[in-house]
Every structure is written in C-alpha cells, then in structure tokens.
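Each in structure tokens, the structures are laid out below.
Two complexes come next, and they have one chain in common, chain A, joined by chain B in the first and chain C in the second.
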Partner chain A sequence: MDASIFTNIFGYYTAILPMIIMIIGAMVMPAVYMLTKKRAAVTAVSLVVVVVSAVINLIMLHYIGTMGDYIYLGGTSATFSGLFVYTSFAGLMIMLFQIVAFFAILVSGSSREVTKLHFGAYGALMLIATTGMMFVVAASDLIGIFVGVEAVSISSYALVTLKRADPRAAEAGVKYVIIGGLSTALTIYGISMVYGSLGTIALDGLQVAFVAKGWTWGLVIGIITMIAGYGFKIAAAPFHMWAPDVYEGAATPVSMFLATGSKKMGLAVFFKVFLVMFIGVTAVKVEPVQYLFAIIAAVSMTVGNVVAIAQNNIKRMLAYSSIAQAGYILIAMAVMTPYALTGGLFHMFTHVFMKGGAFLIVGALICAGVGEKISDYNGLARRSPLMAFAMMLFLFSLAGVPPLAGFTSKFVLFSGAIYDGGAVSTWVWLAFIAILNSAISLYYYVRVIKAMYIEKPAKGTEGKLSYPKVFAIAIALCAIAVVVLGIYPNFLLEPCATAAKDLLGVF
Partner chain B sequence: MIPIEYFLTFAAILFVIGAYGVMAKPNTLIVLMCTELMLNAANINFVAFSAYMTGAPAVYGQVMVIMTISVAAAEVAVGIAILLNAYKVRKSTNAEDLTSMRW
Partner chain C sequence: MDFNTLILPLLILVPLIGAVLTLFMGGNRAKYANLVALVFTLITLVLSLVVMITPVGELDKFNFTADWINAGGLKMSFIFVVDGLSILMVFLTAMLEVLVMAFSYKQSDRPNYFYALLLAIEVGLMGVYLSADYFLFYIMWEVSLIPMYFLISWYGGPRRHYSAIKFFIYTHVASLIMLIGIFCMVFESAHLAGSATVDFSFAFVKQWMAGADSVFQILVFAMLFFGFAVKMPAVPFHTWLPDAHVEAPTAGSVLLAGVMLKMGSYGIIRVCIEALPGALGSWQYIVIAIGLVSMIYGAYACIAQRDLKKMVAYSSISHMGLVMVAMGAAMGGAAAGDANLVKMGIEFAIFQMFAHGLISGMLFLVCGTAGHNFGTREIPLMGGMAGKVPVYAAFMMFAFMASLGLPGLIGFWGEFGIIAAFYQWIEPNGMLYLLVICLLSLLLTAGYYLWAMQRTLFGRLTTKLDFAHVHDVDRVEAVVLGVLAFAIAIYGFWPDLALSYVTGYAQAWAVI
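Moving on to the complex of A and B:
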C-alpha cells in the first residue's frame, strides 16, 4: 500500500490530509457531545479521529521514505504555490503531535479536573490545537507558520481557562493570554522587519536572500524580536515566567498537552526558520546568532534546574524541569549540524514520553485524591507500588540515567555538541554546562523518589489508592516507550536522522 | 513619495508605546488594548514595505496584514472572555490582584 491511493482520491489536498481529518473531527465534536451528553462518547470519537489521522500519516511517511519525493499542496501546479509541503520532517513531527494528542484525549474523559459541562468544546479545542501544530510543521512560508502557531495559542488559552471554577486556572488564563499576546506581537513585528529587509517570506528563499543582502539593521531587529516571540512559546529563559503558573493552574491533561506538544511546536519553528536560514552560511558571519542561541540554551537549563530545586508543588517542579529540557534541545540550534539536530529531534520524542508520563501520574494521583505538593507523595510506594515505580522510571529518565530513553537522547544530543567530524567542536563548553545541569537536576528528581520510597505516609492517608483505569493504560504505554527507546533507540533514531537531513537539504 | 523611514519610525513608536503599556499598566483590559497597538505597528510595517516593493513579494505583505487582523480579532475575543471569567471567579482583573502563584 502506498500513498498513491490517497493522491488518486484526494488529489491536490493530499499534503494536508492528516490535518483535514482532524479538522472534520473538531467540527463534529460539539455535536457528538450535544447528542450523547457523555464524556466517554466524545473521547471515543476523538480517539478514532486521531488514530485514523495517525495511520494515514504513517502510510504517507513510509511513502516519503521510499520515494524520496515531497508531497506539495496543490500538486505541481501553482494553485497554492506549495503553501504546505509534506516532507519526512513534517511527517515525523506530525506523528509526535498525534502521540501527544492521543495521550491527552485518552485521559481527559476520566480526569476529575477536566470540565464535564463543556467537554464537547474541550475535545474540539484539543483537536484544533493539534491541527495547528501539524500545519506549522508542514508550512513552507512564514504566513503558514504564524497562523498555525496562533491557532495553537488561542485554543490553548481557552483550554487552560476551561477549568472554570478554579481561581488558579482563572489567574493562569489571564497571564497566559497576556504573555501570549505579547509574544504574538513581537513575532509579527519581527516577521515584518524580516520581510522588509529580505524581501521574501518563503522559508527556502530566506537563506538565499540573507547571503545576498547580509546583515542590515532591519534584519537584526527582525531576527531578535522573532527569537523573543517564539522564545515565549517554548518557554526558554528569560521568556519562561508564564510556564510554571500556567502548568500549575491548568488541568493536568492540559498541562501535559502544553508541556509536550505546544513546546515542541515552538522548537520545530526554530528548526524550520532559523536553522534552515543560517546553517552552512560562510559568506556572511553567523557566529553571533549561534552564540545568541548558545546563551539562551545555557541560561534556560541553568535557570530551569536551579529554580526547580526550590519548588514544593510537583507541577511547578515539572514545569521548571521542562524549561531546562527546552534548553537542552536548543543546543542543536547553537551547534547547527545535522547530527545535533538528529539529537534534538530524538530528545523531543523521548521528552514526550518521560515528561508526559510524569504529568499523567500527577493527574492520576489528583483523581485519586492526592495533593500536588511533593510532601503529599510521602510513602507512595506503599499506597500504590506500580505508580511509584513508573514515576521513578520517568524521573530517572528525565535526569538521564541509563538505560532509560532520556540517557540515550541526551547522549546523542550532547555528543553533537562535543564531536564535530573528527575534531572536538567549539561548543564543548555548552555540553559541559548541560552535563553539569543534568547532575543538578538529579537532586530534585531524587527528592521526589525519596519522598515516595523512604518517607512514611502521613496519618490517615495510608490506604491504597484507586485511580481511573485509562490513566494506568496511558502511563503503562509511556513507561514501555521510555524503556524500549532507551535500550533499542534505532527504530526512532533513524527516522530522526532522515528527517534532519531532509530538513537541512543534505541527502 | 514620502521616504519609507517615516512609516517605519511611526510604526516603531507605536510598537514601543504598546510595549510600555503591556509592561506598566495594572489593568489587564488596557494591557490587551496595548497588544493590539503592537500588532497594528507590525501591520503598518507590512503595508509600508509592500508599497515600496515591486513584483511578487509585494503581495505577501498585504496577505500578511489580513491574516494579522483576523488573528488579532480572535485573540481579543478569547482574551476578553478569559478576563470576564477571571472577574467572575476572582472579583478583579487587576494584575496586582492576580498574584497567588509566584516563583
């Protein structure tokens, strides 16, 4: 079976077929809720939509891999002038977003924190946000990227605030919408300056125009404001202050969706815009940009890890830890080699499973009546041994303990900063800071593990815990992925390498 | 023809006024209005660049302005709904009262 069955049926629209299915799903979701009034029905329908879209995406990804040919929106005609292009990078990232959406939707229906009254809208917003992410990775110019990112942002503002009676969610929503608006304004101002100084907004034309025209004051302003604007989206320091508040205030499945999905979309934008624009340029000086990214990466991981030590709320701790993880992935932006990008993409995948799994455990325990404080986790190993064991797996994986997935992906990522074609790279110091930070991070992860395994449970909370079964299924899937990717990374590492080469145009 | 610097300076002033408002104003409704100012500064930039360009790229600026206007409208609609919800739950939309979560 190959993708020609799709191109025969869907013709010009094949490139955005996975997105079209998600959009149709999003549109019918409120109707499904209105007719059935059951959360389970909405969950089932949206899961079917996500799975169908994922299967189609996998077939298309396989086709791209064997044929080595892109699928353009509008085919080879000029109807849409290739506004969206399905490449193997786009296919791989779409797969990541579908995995995130699958887990988030799977657990939402049974979570105590998620709204019951507006669940149709909740499912629709979740699917629209996923679709926006998918459009971002398939876009071939800055218009597509901008509008896709906004589709994700606006629906996530609503998703955060849908936990309506909670004062913390209301506050988080206000903060998110204001910071998001600021980042949108910075981004669009930056795009306008880039457009004015380079005269193009097509992603593959940016590098040509940059080499021809070099640095101008307009381009400098444009690049800096764009980096700041998208820096807010990935919550890299110093643009990170909203992230802990929003992750704490939102319902835990939504926090998981934002920390693993929305953040990966921002990083994909960085790869698609800045990496493709600056990589391999020798005629014009690009070291300042590399150093800018290196400093953002170093500051993000240091701030994230150091501030996480002081946190007592586990959701805030995981939020700061994901700021640090964004810093690790930004190493690929500073090093600017296909190998480092491979590591960055692979770390994005493993981060989905380990951070997603940790957030899912927090969500399951909130449904079981356990609080969000780290001291509430005292003696968890006696109350729910499997949960405690899975949490230990995810936290050790986040810290980078072998043989778990976090170790393998960090190994590839950091070695990209150390090794550069037979010689020691100039970015060794960045890898050094990253490894030091991994050691710091182990401290606060082990603090949770100590609470779970060594401390005794507080008086009156010794009983066994019962949580919804779907949480157990989702957590088990994440745990299996974390172990398997750690021991046998090749089946995901090779598609990542293909996607990295594909994005950077080196075959 | 008026030199393009005049338009760019005007847009930059508008952008800075908006940024000042976002950072300094305690009333979140005014903050939302200030983000609109910043978006419109970018729109002026796009239209100005588009008017001074020739050929196919000149159209991109105008397309981008339409996209920005629609995105800004959607964002304000959601933003005001979120502020209303915050007012119902917290009885205030001042930034100084929304400080239960810090660090």
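Moving on to the complex of A and C:
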C-alpha cells in the first residue's frame, strides 16, 4: 500500500486531506448532539474523526517522499497555487495537534467542568481549533498562517467561556478576547509592514528578499510587531500575563488543550516564519534577532519559574511552568541550528505528554471533588496512589529528572545551545540560564510531590477518590509515553531530526 | 553471548527487580519484604564477588555494550565496564547494601517502601560505577538521588523535610552544572573528531579530549569539578551533608556516607583526571587547597558537635578531604611527569575511598544504634555507658579507632599513603609547611574521637538517661557490626587485598 490511493482520489487536495476530514467532523458534530442528546455520542464521533484523520496523516507522513507534486494544494499553477504544503514538518506537527485533540476530547465528555449544554458546539469548536492549527503548520505564506491562527483563536475564546457556571471563566474569556484581539492586530500590522518592505509574503521567498534588501525600518517594525503578536500566542514573557488567568478560568481539558496545543502552534509559527527567514544568513546581520530571541527565551524561563514558586493554585503553577517551557523551546530560535530545532520539536512532543498529563490529573481530581489548591493535594498518595504516582512522573519529567521524557528532550534542546555543529558555541550562557532555571523549577514541582507523598490529608478528606475512568485511560497513556520517550526516544527523535532538516531545507 | 558479559548489567538489574518486587509487598506480605530484599542484595553481592575473584588483567571480559539511542546525530549506548577503579566501589556498594538491609530488619513504618528505596539507591550507585557512557552515567547519577530524597523525607528525623529538599536541590544543581561540562566535553570531542554523530562513550571523549585546547579543558574541568565536589562534599560546598546525615535514617546515612559520597571522588578520577589531562597542572593547587581546607575544617567542626551523628558527618568531610589531597597530588604528578607520584596518589585515593566506605559505614551504624537503643545521640546526655552496654562500647571504640587511623586497621593505610604522596608533591614545590596542616588535622581527629569516647563511654555513669529503656546491641546488629569490624581489621592487616586491584589501574596511569 502506498499513498497513491489518496492521490488518485483526492488529487491535489491530498495535501489537506487530514484537515478536510476534521472539518467534516466539526460540521456534523452539532447535528450528532441534536439527534442523540448524548455527550458520549459526540465524544465517540469526534474521537473517530480525529483517529481517522491521524491515521491518514501517519500514512502520508510515511509516504511523503513518493507523493511528489501532490503535496502542494492545487499544484503550482492552480488558483490556490501552493497555499498549503504538506511537509514532514507539517506532518509531524499535525500529529502533535491530533494527539492533543485526542486527549482533550476523550476526557471532555466526562469532565464535570465542561458544560452539558452546547456539547455539540464544544466538540465542533475543539475540532475546528485543531484544524486551524493543522492549517497553520501546512501554510506556505503569512496569510495562510494568519487565517489558521484566527480560526484557532476564535474557537478557543468560545471554548474558554463555555464553562458558564464559573465567573472566573467569564473573566478569563474577556481577558483572552482582548489580548487575542491585540495580538491579531499586531500580527496583521506586522505582516503588512513585512510585505511592504520585502514585497512578498511567501515563506520561501522571505529569506531571498531579506538578503536582497537588508534591514529597513519598516522591516524592523514589522518583525518586532509580528514577534510580539505571536509572542502572545505562545505566552512568552513579556506577553504572558493572560495565560495564568485563562488556564485557571477555563475548564481543565480546555486549559490542557491551550497549554499543549495552541502554544505549540505559536511556536511552530516562529519556526516556520522567523527561523526559516533568518537561518544561515550571513550577508545581512541577523545577530540582533538571535539576541532578541535569546533574551525573550531567558526572560520567559526565568519569569515563568520564579513566579511559579509563589503560586498556590496548581493550574496557575502549571501555567507559569508552561511559560517557562516556552522559554526553553525558544532556545532553538536563538541558536538557529537544525540540531537545536530537533531538540525544540522533541521537547514540544514531550511537553504534550507531561504537561498534558499533569493537567489531566488536575481535571480528574476536580471531578473527584479535590480543589485546585496545592494544599488540597495533601496526602494524595494515600487517597489515590496511582494518580499521585502519575503526577510525580509528570512533575519530575517537567523538571527534567532522568530517565523521563522531559530529561531526554531537555538534554537535546539544551545541548543545542552548546553545539552548533562545530566547536562549542557562543550560546553556552543560554544553556547555563536554562539549566539553572531547571533547578529552580524543581523546587516548586517537589512542593507538589511533597504535598502528595509526605503531608497528611486534611480532616474529612481521607477517603479514597473516584474519578471518571476515561481520565485514568488518558493519564495512563501519557504516563507510558513519558517513560517510554525517556528511555527509548529513537522513534520520535529521528522524525524530529528529519522534520527539522526538512523545514530548513525545503524552503 | 557468554555469561560473563551479562554480569555487569545484572548487577544493576537484580536490585531493580528487587526494588519493584518489594515495592508491592505491602499489607500482609510486608513481613517477607525484608527477606526478599535481603535475598536480592545477596545475589548482587555474589555477582560482584564473581567479578572480584577475577584477576585484574582479565576484567575486560565483563565489558558489555549495546546500542541504545542512535538518532538525530546523537549516539548513546549501554556500555558497562569494570576496572581497578570501579571494582572496589562495586564491591563496597554490594556489601554495604546487604549489611544495611540486615540491619534495618526492624523497620515497621511502611517497610516495603523502605527496602524498595534502599534497593533503588543500589541501582543508581551500581550504574554510576559501571557505566562508561556519559548519558548513561548522568542518568544513573540522578537516579541515585531520588530514592535518597524519599528515604530522608519519609523516614528521617524531625527536620527531615528541610534536609531532604536541601539535599535534593543542592546536589541537583551541582549535577546540572556537571551536565553542561559533559555537553561541552562531548560536543567538542565530536567537533575535534570531525564526526557527524556525537558519541557519548567515555572512550571516544577520552580519545579526543586530550588534544583539546588547554584553556577549554580548564573551564570544563571547573564545571565538572563543581558537580563532583558538591557530592564529595568539599568545603565550601558541604552544607547539605550534616543536615542530610543527621536527619536520614541509619540505613540511609550508611549508604550516603559509605558509597554515595564516593560518587564524587570517583567522578573526579574517572572524568576530570582521566579525560582532561590538559587541565590537571592548573587545577592541582586548587584541588589540594580545597582538600586541606576540608580536612582541617571538618575536623575542627567535629569538636563542637553535641550529636554523635553530626560529629561523624563532619568527620566524613574531613576524611574525604584526604581523598581530595591525594587526587591533587596525583594531578600534580601527572602535570610534572612524575609517574611514581601519579601512581601513588591515585592508588591511595582509591584505597582511602574504600577504607572510608567501610569505616564510615560502621560509624553511622554505631551512631544509629545509639539512637535506637539509648533513645538519644546527644553526647552530653551520655556518660559511663561502657559499663552498661559493653558490646556496644567495644564496637564504638573499634570504629572510632579505625577512623582516627590506628595502625593495623584499614584507616591507617589510607592516611599513611596519602600523606606520603602529599609529601612527594610538596617537596619539589617547597611548601613543606603545608604538612603542618595535615598533621594538625590528624591530631584534631584523634582529639575529637578520644574526647567523644571519654564523654560517652567512660567517666561517671550519666543520670540523664532512663536506663530501663537502654539495651545493648541485639544479635543482628552485632553480626552486622562484626562483619564490618572484621573487614576493617582484615584489610588493615593485609591492605594488599584491596590495593592489588587498584595497582593495575594506577599502573596504567603511570605509563602516561
């Protein structure tokens, strides 16, 4: 079997085949809910849609070399002329988004935080947001990216506010919409400035035009506003203020979806736009951009980790920790080598499992009646040993303790700051900051572990916990991934390396 | 594949399987947990003895290599190697594990977790001493940390939470700095070799690092040395140790002092000295200085301690300072091309590590026994105990005498050899007055031990203890202490039993 089955039937639309399936799924979802009135039905149908789309994506990823011209939507001469390009980078990222969507949808139906009303819309929004992310990584020009990001943003505004009973959700929604609007405005303004300066918005033409025309004030403003605009999406400092409020206010499956999915989309945009534009340029000075990213990375990780220490709400703590994680991944943007990008991609994957797993546990415990405060986790090891153990795995992995996945991916990512293919690079200081931050982060992760394993449960809460079984399934899958990717990362590290080289080579 | 190549992986796997098994022996099965754990440590000990009875020249036959990660331009492998340096540490780990497992048979609070944690520590320790791949080495280094954290914070004394987290963060930061050093070293080697894949094996790095720029080597040495020195611990990075030791349960203290501190000095010899020959000349003075300061500071701090266990903890700092001095002397010898000095320094550094492993193990068992059997470890509360608990007093005297370097016991040979090597180092440097510091610290050591003995064992019988609850060592404790005393005496009487393993390794050094 090879991909000719797809290309024979779908022709040039093969490039967006996984997205098409997701969109169809999103459209039928309200109807499914209207006809069945069952959340389980919506969950099941959405999961089937995601899985079918994921299988198709995996097949395409596997046969990507043999599909030739068909991976360009509309070929090179048609109306859409290559607006979406399926590369191995896109394929890999699509896989990541599908994993996130799978976990989020799997648990949403059983979570008591997710509103029962409008569950059809909820499922549809989830699928549309995922589709938007998939389009972003497959887009080949700035407008394609912009449209995809908007699809994600608008759906996630609604997703955040759908937890209607909680006033914090309304506050989070309002904040998210306003910040999102600001981000959109900045982005489109930046794109217009870049277009005005370079005369192109095609990603593969940006570097050529940049080398030919060099720095102009218009370009400087354009690049900075774009970085700010997308900086809001990944919640890198100093554009991070919204994230803790939104993650705290939203239903936990949605928080998990935003922290692991939406953020990765923003990072993918950084890689696709700025990394591809600036990497390897020697004719024009690009060090200022590298230093800008290095500073954003260093500030993000420091702010994220230091402020996380002061948090008492576990969702806020995880939010700050994911600000720090975005900082780690931005190291790849500062160093600008395929090797560092490999580390960045790999860390994005491991982050899905460890941060996603931690959020899932928080969600499961909320369903079991446990609060969101860290002190509510006191004695969790006695009340639910498996949950506590899984949480310990995820937190140790986030802190980068071997032999878990977070360690292995940080190992590659941080060593990317030291190794730029030649001698020890000038970015060693960034590795130092990252590693010291890792040590700081251990402090607040261990605080949770201490609460779970060492403190005694508060009076009246000694009983065993019961939570929806689907949460247990999702958490178990994440825990297995965290352990397996830590001990045997070959099968994911190699595709990441391929995707990194592909992204930096194709364009 | 013959059985020999499987022994080293089994040394790690057997405790791992044991740890998982005992972990699930809660509830009714808890009473067998100690037995199961003991059996697994005994199997490990037997396996390590199989390695021990092999002539040093033939240790190569145990080497184990298997592919692990080979992706994205990185190459990590499972490489396990045993040589004259690691074999004594492996034996020490296996032996102390058996002894502490037997010693802690009375553990009643969550015993299954307790034994599982002890076995998990053994996994990490064995891994550190056996692995010959930097990735694997680092993972094992960290793996030994987590069970120790839980051991202290679950089973420790009143200030256990503070001590456990201090221990964890302190050593974790140190190992992260070490990780950067490893990165620099490994990637620079790949660069020098001009190879596209980055090989993390010790052999590859050693081969290429020797030719690296000496300033680079000096900087990398600094990062690695920091990581190892905190673990040793050397003044001024020692502050975690008294806290961790005092709060840890006895079994944890024994492993911490007996084998975990050795990870630091082992790392300095294995990584810093072996792989970075260009940095040795510049670093010898700092290493010697840190060693001397640790010796004198540790001994000086001992005098002031009221808690027996804390005193022994500070004495560990002092005795690991001796190891540091020996390594510094060897580094000086390597820089000056003095093969004899290198051999002597390395040889006695390793010997002292082994000796201190046995002695400090016994010391902490003695202190722990005091805590369990008398209800206190405070020196001022005791007095005239020798009349009440004669067997205990004998063991305590024996351990203290061994630690202060009584000729005929193992501690003497380590100190003797190290001071001889140190003398050889200072003679050409013309700093003979440094010997005074050495002698002063030996004097202080003798002083605090004798004084502590006098205050606890002899003199007027104390009135501050309730003697209804004081009892002498029981049979298991006596056997455990007796085995250690026997080992200390045998190796003291015939140090060549241990030195013969080391000499081959040190000889290989002298060639360079």
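Convention: the second predicted complex is superposed on the first by the 495 of 507 C-alpha atoms of A that agree within 3 Å, B and C clash if a C-alpha of one lies under 4 Å from a C-alpha of the other, contacts with A are read in each partner's own complex, and residues count from 1 in each chain.
Note that in this section a contact is a pair of C-beta atoms (placed from the backbone, for glycine too) under 8 Å apart; a residue touches a chain by one contact, two chains touch by 3 or more.
A quick note: this is a predicted structure, and the numbers were derived from the prediction, not measured.
In the superposition on chain A, contact of A:Tyr488 is made with chain C only, not with chain B.
In the superposed model, A:Ala170 makes contact with chain B only, not with chain C.
By the touch criterion defined above, A:Val424 lies against chain C but remains apart from chain B after alignment on the C-alpha atoms of chain A. Once the two complexes are laid over each other on the shared chain, residue contacts for A:Ile143 go to chain B alone; chain C is not touched. Of the two partner chains placed around the shared chain by superposition, chain C is the only one that A:Phe432 touches, whereas chain B remains out of contact.
Within the superposed three-chain model, A:Ala40 lies out of touch with both chain B and chain C [touch as defined at top]. Set against each other, chain B and chain C touch different numbers of residues in chain A, with B touching more.
On the side of chain A, the complex with chain B involves touching residues 141-143, 146-147, 150, 153-154, 157-158, 161, 164-168, 170-175, 177-178, 180-182, 184-186, 188-189, 191-193, 195-196, 199-201, 218, 244-245, 248-249, 307, 310. Per the touch definition, chain A reaches chain C in the complex via residues 339, 342, 346, 396, 401-403, 407, 411-412, 414-415, 418-419, 422-424, 428, 431-432, 435-436, 438-439, 442-443, 446, 450, 453-454, 488-490, 493-494, 496-497. Interface residues of chain B, counted against chain A in their complex, comprise 8, 15, 18-19, 22, 28, 31-32, 35, 38-39, 41-43, 45-46, 48-49, 53, 57, 60-61, 63-64, 67-68, 71, 74-75, 78-79, 81-83, 85-86, 88-90, 93, 98, 100-101, 103.
Listed in rising order, the residues of chain C touching chain A in the complex are 68-74, 135, 138-139, 142-143, 146, 150, 153-154, 161, 165, 168-169, 172-173, 176-177, 179-180, 183-184, 187-188, 190-191, 198, 216.
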